[in-house]
Amino acid sequence: MAASMLVRAAQNSRQTWSNCTRYASLENSQWTLCLPAVTTVLPCRTTTRRRDRLPLPKRLYVPDKTRTDQDRQADELTPQNMAHIQESYKEEEESLTQARLCPLKDEPWPRHAWTPESRRTGVLATKIGMMPMWTKTGHRLTITLLQVQDCHVIRYVPVVDSDYPDRKQGLLTLGHRTCSPFYLSEEYLRTFEKAGVPPKRKIAEFKVSKDAAIKPGTPLHAAHFRPGQYVDVYGKSVDKGFQGVMKRHGFKGQPASHGQTKTHRRAGAIGTAGHGRVLPGTKMPGPMGNVVRYTRGLKIWRVNTKHNILYVNGQVPGHNDGWIKVYDSILYKSKHRKKMEDHLGSLPFPTYFEEDEGELEEDLYDDDLFRFDEPSIVFESAEGTKK
Amino acid sequence: MAAFGRVLLRSRQNLCLRWSSSTVEAARPAAATPDITESMQEQKSRRKSRRFISPEFIIPRGMRADFPTKNHVERMDMLRRRAVIDIPEFYVGSILSVLTSDPYAPGSFQQFVGICIKRGGYGLGATFTLRNVINGQGIEICYELYNPTINQVQVLKLQKSVDPHMVYLRDALPEYSTIDFNLAPVQHNPEDPVPVLDTKVILKPPPWYWRWERVELQGIDMEHMKENHLSQKRLDKMDDHRKPWMEFDLMYEYDTTKVEQDVLKDMQYFENVVRRKEETSEKSTEEEET
Amino acid sequence: MRLSLMLLITHGKRQRKLGGGKPQRLNILRRVVTGLVRHERIESTYAQCDEAQFYAEKLIDYAKLGNTNAGAMRIADYWITEKDLIPKLFETLAPRFTNYDGRYCRLHRLPVTTQNTRDMAVLEYKGNPYPSLRPTPKNHPNSIANILVEGLRQDYEKKKIDLKDESAT
């Protein structure tokens, strides 16, 4: 095939492309695998003032740079072998996740009763969207849907070894969202071997009291929570990038006209002559968002036990498909001790086990929530104005 | 590898072309012109074969809405509500009557009749806005389709507007938005194609809600507008805002075939599985009571 | 999951502004797509190739409807600026992809050299007559990894057959 010369397009003299036949193969020219252009990840310096930015997670997949192309080719499996490995892994994964109690064959751990000093575990969930719901009095609610996907207990750190021996709390590590082991490092995979569960995308720790410890490998479900209770939610807020002072700190800026020279969104003064320096912690432009935040006291209106979805009131930090930690609200402690006993005492402790409670209905509703299979709301008396 | 350009763009509803399964045979480009070329017979047979799916079932494109479980669960709720109350087929331009119950007026229903000027949202939060002129005052009420305080939605006159919305009625002469509350419902044979509302609306003098000369809407009487209402400056700038290339920008097309298939599957699942379960559970509770 | 950090920051916006504005962007992409239809493999900047890939594949989808379809002809007439290529699109390219369901193009990124610091790329329709740019993957069935996995596979299949026999009897 003769290498054709550059052709000029009819409509415009500017050339936008050229016919490409001169590369016999890209093998001959030295090229490296081009990853899509990624902007620099937001700086996560551990400053003394901003402690809410978590350090960068360790890379789960670390490519070995000493391997050559020849090594890689030699280790490349034939398509049939590759297909076999992926299929056999799928079966293995299914067998690991089928057990409702725990895949590990040894004895189950003892179950204790709830006490006011107990603290049970939370759950890791994915934010999958938002939708409106209505109460029986016609009041509109904004609901966030959190789906508990493949949540398993990975390990339990006893009180003595945990970071909180004084509070008598151990650490329960949960994993969420099973992922493929083929692109993960050996070190990361080892964390899941002991529990006998497939590797997870995200791991998080929850503080639990000694009587709420759960055996590693146990799956957790959305039915761990029940409608009518309140939860706290913890997640990473939406990343806004590098933002100026008006958006980041709510400064008022300067007027748009009346002689302002190039100053409309600036901070203005950053100190006084008194101390003669800029104090550490002065509000300035910088990275905004992508920071862990708590949202407390969110009511659970509905639980879907089939798809493991929690219908949580209000907004939750982060974007769709982001991870969220959900656990019983600490707001119970400070007020209404009696309410706490009523609420938390009736919840499954240490978690929901199908063997104990039996299969639940597909949808569990709060008493005040309007169910769509009920007839339309009609206000018959003046008392219907209560929200 | 390539993150840009691979997946379909988030559509702008005004300019979104719907390329659904029944129109694959006649790939129509162009701003939404009604089915002029098809004969009556063809239109009738198309309506018969294709089951009507209300637009709020069609999720918009983009990562934000792409969660199959969430969509399934939301659709189940929508179908449950539709099993209780009849939410009829209607379009922008149809005349509807809505009965709502108000907590501040207990014991009676509030009725509002109006012409639907826009439909928005998707899923359970889908809305439609009705407009009417009462005692010389233009009134618009935005209703949520799945709000439980709505007791009845009745289509008095089923007709389809040529434009995706009719917000220009705000700047049009009041006669176009005035609808009698006692309008007798006009019967429509389900097999017949939906009549198209092709009146060209005359606008009041500016200031307007929007610069209507810059937007390509078929429902506005452009000749009258150009002669009477526009200054030379505005007339000169009018053509700058025309976008003839949008017709050919394939990124704005939304092929809803797959979404419609998912919706139909969910509808069948609801009818076969969910409804039966709920009926049997109702029967068992009745038996327990007796 | 966000597909990339860029998409998260741009909040899902996926179009690049090429040539400074909407009509210019489409004009540039039209020329790229026309060149692609003519030569079936072209080299251009990565941004242009990436954006054009989407339109090139959509064009084939429309072309599959046939040249009697008025809508398809209209789209092809707009996108292909050199009109002698329209028959090629309908008669050569569209039939080639009858068994494909999308992904009719391949995009290769070219190395950035000192002579050419701009991100260049090669966009090609699959099934083009030129020799392939990437090395064909060679199978090494006798490498240790393959021999071991082959043994695993045979054991697994034997187990399956044994189980079947047991359940049958």
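Think of it as A, B and C in the order they're written, each chain with its own count starting at 1.
By definition in this document, a contact is a pair of C-beta atoms (placed from the backbone, for glycine too) under 8 Å apart; a residue touches a chain by one contact, two chains touch by 3 or more.
To keep track of the chains, here are their UniProt names: A = Large ribosomal subunit protein uL3m; B = Large ribosomal subunit protein bL19m; C = Large ribosomal subunit protein bL17m.
Note that the structure is predicted; figures quoted are calculated from it, not measured.
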Check: In terms of CA centroid distance, which chain is the most far removed from subunit C?
Finding: B
Note to self: Report the chain ID whose CA centroid sits closest to the centroid of the full protein CA set.
What the structure shows: A
Checklist line | For subunit A paired with subunit B, centre-to-centre distance based on mean C-alpha positions, whole Å | finding: 35
Notebook entry, point to check: Per the centroid of Cα atoms for each chain, what is the distance between subunit A and subunit C, given in Å?
Noted result: 33
Check: For subunit B, what residues touch not just one other chain but two or more?
Finding: 1-3, 63-64
Item checked: Touching two or more other chains - residues of subunit A -> 34, 36, 319, 321
Checklist line | Contacts with 2+ other chains: residues of subunit C | finding: 2, 4, 6
Margin query: Help me check something: in the complex, which residues belonging to subunit A touch subunit B?
Written below: 34-36, 128-129, 131-134, 137-138, 140, 145, 147, 304, 307, 309, 319-321, 370-382, 384-385
Notebook entry, point to check: Inside the complex, what are the residues of subunit B that reach subunit C?
Noted result: 1-7, 9-10, 24-29, 62-64, 243, 245-246, 248-251, 253
Margin query: If we count contacts the way the header does, which residues on subunit C are in touch with subunit A in the complex?
Written below: 1-2, 4-6, 8-9, 27-28, 31-32, 34-36, 38-39, 41-44, 48, 81-82, 108-111, 122, 124, 129-135, 137-141, 143, 145-146, 149-150, 152-153, 156
Check: Mind pulling up the subunit A residues that touch subunit C in the complex?
Finding: 1, 4, 7, 9-12, 16-21, 23-27, 29-32, 34, 36-39, 41, 73-81, 84-85, 88, 239, 241, 319, 321
Notebook entry, point to check: Along subunit C, where are the residues that touch subunit B in the complex?
Noted result: 2-4, 6-7, 12-16, 22-23, 26, 50-51, 53-55, 58-59, 62, 65, 69-72, 74-75, 78-79, 107
